[in-house]
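Structures given as structure tokens follow.
You will see two complexes here that share chain A, one where it goes with chain B and one where it goes with chain C.
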Partner chain A sequence: MADSDPLLAVDDLRVSFATRGGPLAAVRGVSFTLAAGECLAIVGESGSGKSVTARALVGLVGAGAAVSARRLELAGQDLLALGERDWRRVRGRRVGLVLQDALSSLDPVRTVGAEIAETLGNHRLVPRSARPARAVELLAEASVPEPALRARQRPFELSGGLRQRALIASALAGEPAVLLADEPTTALDVSVQAQILDLLAARRADGVAILLISHDLAVVGRLADRVAVMYAGTIVEEGGVDDLLRSPRHPYTRELLAAVPSAHARGTRLAVHRDAAAAPAVAAPDAAGCRYAARCPLAEDRCRMADPPAIDVGHPAPGAGLSADVPRPAAVDLGLPAVEKGPPAAAAGPARGGGTAAAAVAHRAWCWRIDEPWPAPPAGPARGRVQHADDVVIEVDTVWKSFRGPDGSRRPAVRGVSFQLRVGETVGLLGESGSGKSTTAEMVLGLLEPDEGAVLLRGRPWSRLGESARRPDRHRIQLVPQDPLGAFDPRYTVERLIGEALRAPGRRAAARQRGRIVELLGLVGLDASVLPRRATQLSGGQRQRVAIARALAPEPDVLVCDEPVSALDVSIQAQILDVFADVQDALGVAMLFISHDLGVIYHTCDRVLVMRDGELLEQGDVERVLRAPAHDYTRALLAAVPRLGPATGQVPAGSGAGDAAPADGLGVGSNVGFGVGSGVGPRR
Partner chain B sequence: MAGVARRSAGRGRRRIGPGVAVSALLVALIALAALWPGLLARADPNAAEPVDALLGPSGAHWFGTDQLGRDVYSRVVHGARVSLFIGVGATGIALLLGCLIGMLAATCGRLVDEILMRITDVLLSFPGLLLALLVVAMLGPSSTNATIAIGLSSAPGFARLVRGEALAIREAGYVRTAVTFGAGRARVYLRHLLPNALTPLLVLALLSVGAAIIAGSSLSYLGLGPRVPTAEWGSMLAQGKDFLTISWAMAVFPGLAITVTVIAINIVGRDLQRRFEGRHPVGRF
Partner chain C sequence: MRSTTWWLARRLALAVLVVVGAATVAFGALQLVPGDPVHVMMGGAAPSEEVYERTRHELGYDQPLPVRYGEFLGQLLRGDLGQSYQLHQPVADVIGSQLWPTVQLALAAFGLAFVVAAALAVTTAGRRSGWRRVASAAELLMISTPGFWVGVLLLTFFSFRLHLFPVAGGDSLAGLVLPAATLAIGLIGVFAQVMREGLERALEQPFVLSARARGTGETAVRLRHALRHALIPMVTLSGWIVGSLLGGAVLIETIFSREGLGRITATAIAGRDLPLVTGVAVVAATIFALLNIAVDLLYRVIDPRMKEVVR
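Coming up: the complex of A and B.
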């Protein structure tokens, strides 16, 4: 399937933006090729230049950017020489683009069918009269159920998953040879994400070349043949997906993999750095040396002197030698049968197996220190060993809540949920969007009144109280929001933000509390230097740290954390999860931790509640629920989680959920790997 | 990513263009004239010299003299005080009333909201000047009454905007979080809602100073502003038009003063508006 002549050839691509402080190099010499029917993934954190690289391939980097390359060719045609009119013939027709946010990528006033028909019309592919029918056909090819109906709907009338499919359908309308997918599944729930990945895999099997941009290693592991890891505008490591994810050699790749929360890391720290100091070196001036050196635990003097050369890693036999100095414990798949996997995944399996391109690819890392052992993650506060007092802080007793829908009917959001939260315990609330987990959290916070049932705080009524009766106890339950930017008054400095939580709302009152504020910042790994900054002047990780410090200020008994890490890069996420662990260890607060990410839940929580459609399906010890789920839905969720490593298509298909897992998958001592299922484990 | 990089490039401090610089200088000059007219014009604006009536511009009288032989330049300079007083005062009244009505509408429940907004709709359906005329007719002509009249007639627009901003901000995360710290309603409204709803309106208020100056001049042109012999641009213009065939200067310079002031304020206001655009306090970007 893979031609010897690549479809897309990129050599020494450089993109820089003009800024006030001079040119800012976003991409500094990236080279790769992409053949038909192949999927190359570019992985990196925000600011690594991965999206800019993708945009350069469709001429969409913007007017202020300077693009240069030794070679930038699509099927032999030089893309650098194209004018704006020529680009329009390339976009959609030869390169399709799928972006993360389908809602803003699709025109809200046009129907989905019209959107797809436009691409068909732009490139004069189908006669006008045949376009509507072709649009429906394309939707059907993108596995959109009831395509004729969907074609008449507008983007906001579709669910997130359907919207993403519609976007893929419109990207494929021009039958492009290359599909650029920029974070195509990032905003989606796991089960929907799995379906979208299957759809993309099916296109690849049809011969479409896919350039996948993602920060999610598990997604990459599921779809890609080859992976290139980018850091600060350069590729630091590349190789076949199995090689690279199983035995990462560049320190940055190893940091990324170690940061994925999963079973192996339970009770350990995820991040190499505790403090927020480690920032990506995007804005660094063009200095010599490895850009990762500033953050690298293995860096030595020569790393800072000159750019490290590409070192060929070769093809290590799986599990041989390397696993010793990569102290990621041999994590194994949960071994759950792929109950929910549809035929597309199975169809994609052989295609990948036959992908000779992947096998031929050299595994290379731009680093001198690839053979150094990775420092073992420092032991964190041991989870599970914490003695929970039996004091119940929060008791939720069969609460119901419904909202009025747009048509006036009552729509139940939470249906008879009950649970308890004890001192020093972390309870996870797991569910997909619309499952009612946020509504439940708002009732615990006392921001919403349950229609029926009650919330008790330390055995006393909490819901059903008047606001003035509740106010003295408000400080006992604090919120860590998903989006701290929106939760901070934009006019306030960090000092005032935390001061407000200390009941010192004025600027002067906050200044008098400075000692306490700095102490709180210390708890979350920040120092006094952030005090005069406003929310927009902080990085995403710093913002979330400030949000945690602020939530801790009134000395709460309970922290309600509403998807606190879902908007963060994996390495920042790792730091924030470490902060949560430290904070709980130091202060013993109880936490209600809402997330849709099973790995995060497993890493953070002692117990877990699984919700769907407002109902509590299952609750119990996190080990029990996620290893031996009792409910079909929990099993389906687990099956939908993309795993690192070559799990797709290798799991014996057809085995039913009831068969449970092979013994070694659940065997004593083996770890659960939601994120990391490297092939090194005893499954082999 | 590319978007971020581009935005940060575009966000760099905008340079001050020559038009904006000249306008800002003019606004400063007019403010100076309003505060210390004696610094710019030594002649007494009300000293009549009937011998020198209706002269054209000259070295002694830069803008000529009026029908009573008063120095037009001096009267234009001294007139800045009344015009700016009406412009700023009326906008202040409008802003204050607008905030009050808007905040009440946004925070006191649906019934209050509904009542206040319907009244606002009715008031907005009249042309502003007509409303101002009505108020002056009731209160009697004077510069204070003209200020009140113009303030009242432009308050409904501000009320609408404040209400809209406040409603959006009420749903912002930081307002909800403030509640979880145990803050009372009044404190949340005063500390978070009002300041954030007001910020985007301040630039708009500057722009409406220009409109209020025109409205004030119109009222005094009609004889409903300050009493004679107070120097005021609108009334000077009205007097000048009677002698237009004899002396063009008497009408042209007050008219020019109004025009230049309003244009300068608008240019500065628009520039500020562009600078603050996108810094929306709702917190969603």
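Coming up: the complex of A and C.
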């Protein structure tokens, strides 16, 4: 990459924050370069410093932060020397920033058009009178349908995907050469996610350099040319996207890849660590040694003494790993449909250039023991998921439900849905937002009455019961929400939150139940130390564990889980999915598991229901539905997934590798999650 | 649109209830006040038995309470607030003539407080400067200083010493300056702190980061994006604001010997002028109720998301 001057050059970037507990080094010596028309992805878990790195590139890390670097250059201009005024000329004009959550990243009280026009105005790109028209044009360029109408709407009036496009349009309005995209697709439905990635890919083809930040390796695999893996403020491994995802060498990268839920790991554990309290990703600034040592299964004394050196990993033989032929150790194979990684515009940088690009990118890892074999993730106690008894806990019989729309007309939300849920079984409910998943769940929970049809609990009527008739059985069905923070009273301690669910309301009553509460916490991998904490004092993963413990408190027969992991990053998500598996093994509860993530559904569920527009399109055994979908829509959903086909060989032969699909070359539907690359072929 | 009309109709019905309620409370409270209203009506002189009885009958005080209450409500609904005992004028006329000066005073004070507080908040929010410390200290002082004391100080300094503004009375603009400033001072501190907090919360939102990343300057970020969000908590304060303004007016008008509802109220209470007190209560309740509706409408303008929430 040093062959010509890159567009963006970052060398030894360090950012630390002054906090009450002393300085906190969020970024400690990050180096990379980015050329025009190239996409570099930074991946890593929450708190690893990805966002701070991106914000340092626009000079917006915030007050109280100390930023230093050996080199921080944009097209040869030293960014470190910029004053606030000069920075303003860079922001939006030369570097654009797109944040994750478009709803909160666009001013909710202003119109989308005004937000886009702001960029134009700041840099005096277009005369005032022409700005609204230009904003509409920019929306159109971001493939927003009815751009003139959308420009007059406010962010909350748009769907998630449109909002994200509008945000991208506002970041690109100044035609910047570099786009920093910080988790641009997280929390979007797969199909919307695919559209956004297409949009970014098109910009890259126009020569925009993209720094893509994500914790979703599948997204990265679809868009990036190169990947840098960040852990605790440092880059631990970097390389060409294929190289790195196929043959990850750093133990952390391998952990990350293993954490991606999909079919390969059905019946195995995803996370290396069971307990929530995995080592903090950020330590004191001056600590020497490998930051990952506390979590690393390969760690030895040497690792804790000195910083590991960068080791050149080398390249796999050309052509290797492109098709189904290589279940090589620690290999990840990509089945990548759809997005065309077209060649960059004429002036594009040297790092890309068709098939030869990968060979030019060094693959390096910062680790002392790069060649050690990676230990198998603790294989779950062989989960006998097939042996659930045949008794039906919940029977949903052709339920219909409609709501009154804003214009007063009735809109059907659920249309004639039927399914059964048996003891000890997990049924996935798959569909895009607005497909009626949550409405169905609310009817199962007895929070909504179906207009027609019925829900039966253990063979007895459950819907259309008076509340007093329902009350004695309410505890049998519990909810695990997507956002437990919203569901918890912020003033209550964990002890009290769970005590409440044990019918011991109040502080003192809860304290009397402490034994049982600690037992419940144990089920979800927490210990008594969290008892006195409030919800806001817990991490996202801990919070979700508490939510599960709370749902389990009244000994329910059924857990309804509404997108329980979609707000969590891969590593934490892996832990929580493991918790669900443990809980089901231990207690045999039935679960209705709502998710829009196919990988998650594949990993956790026995059967799956696919919904669209309130209709149940198909249902059946998860293997059958996701491997040989009967409905076109399911096929389309599968095709839209940015796919990271995890390695068969990642879990060393024997454990869990057996259920990998054969390389049948039958096309998209058949290689879901297995990613044996069948039918898709080489990417470039 | 239909929902907005419906919403408005419901709110207006509610407002009528509130006004009737306030009138009832005023009516009830005055029954409890010791002293004979007939004596008040007749002035200081001791009347003869016959005159007394006649007046008592004219005023309806020989009727049982429920009948009097019924009549009172009937009059109220017809818009008749009765006759003032002391001023011997229809209450509606008295209030009508005194309302405008008070509204003038309240609006001027509110405007002044708002502008000063917004300036304080915008220049100090999220900054750890010396100026912020000075501003915060000044706000605390303003919150904790009694209005009349500030009024007397201002009066002494600007009127008696500098002869800049008229000492008392006066419908002129110059006559409005000191009273409005005195009334505003009590509000500025609270306004500034509420707005600063709102601004600081808004400045931490991702959309502000987005705006900055577009190259938007600090002033524009604050005025264009954050300030509007900071106004939302202000709107929730509106009840307190109207209360402070009307309550403060009683004091300020007395100190500066201004005409107005406040001063009339004070005299009416002191003189047990029952119809006038009740009339003021009804008018105040009406203002409150209407302002509340206006404020909720304003809410929807400031924060369009409310259209979804408020029904």
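As a working rule, the second predicted complex is superposed on the first by the 578 of 684 C-alpha atoms of A that agree within 3 Å, B and C clash if a C-alpha of one lies under 4 Å from a C-alpha of the other, contacts with A are read in each partner's own complex, and residues count from 1 in each chain.
Rule of thumb we're sticking to: a contact is a pair of C-beta atoms (placed from the backbone, for glycine too) under 8 Å apart; a residue touches a chain by one contact, two chains touch by 3 or more.
Source: prediction; values computed, not measured.
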Chain A as common anchor, with chain B and chain C clashing or fitting: clash
Which superposed partner A:L479 touches (first chain B, second chain C, both, neither): first
Which of chain B and chain C A:L97 touches, first, second, both or neither: second
First, second, both or neither for A:P309, with chain B first and chain C second: neither
Partner chain(s) touched by A:S170 [first = chain B, second = chain C, both, neither]: second
First (chain B), second (chain C), both or neither touched by A:L106: second
Of chain B and chain C, the chain that contacts the larger number of chain A residues: B
First, second, both or neither for A:P461, with chain B first and chain C second: neither
Touching partner for A:E118 - first (chain B), second (chain C), both, neither: second
Touched partner set for A:L60, first chain B, second chain C, both or neither: both
Those residues of chain A which chain B touches in one complex and chain C touches in the other: 55, 60
Chain C - residues contacting chain A, complex: 2, 126, 205-207, 209-218, 220, 224-225, 228-229, 302-305, 308
Chain C contact footprint on chain A (complex, rising order): 55, 58, 60, 63, 84, 88-93, 95-97, 99, 101, 104-110, 115, 118-119, 122-123, 154, 156, 167, 170-171, 173-174, 408
Residue numbers on chain A that touch chain B, as the complex places them: 17-20, 24, 26, 46-47, 49-52, 55, 60-62, 64-65, 445-447, 467, 471-475, 477-479, 481, 483-491, 500-501, 503, 505, 554
Chain B - residues contacting chain A, complex: 1-2, 4-6, 8-10, 12-13, 172-174, 176-185, 187, 191-192, 195-196, 199, 279, 281-285
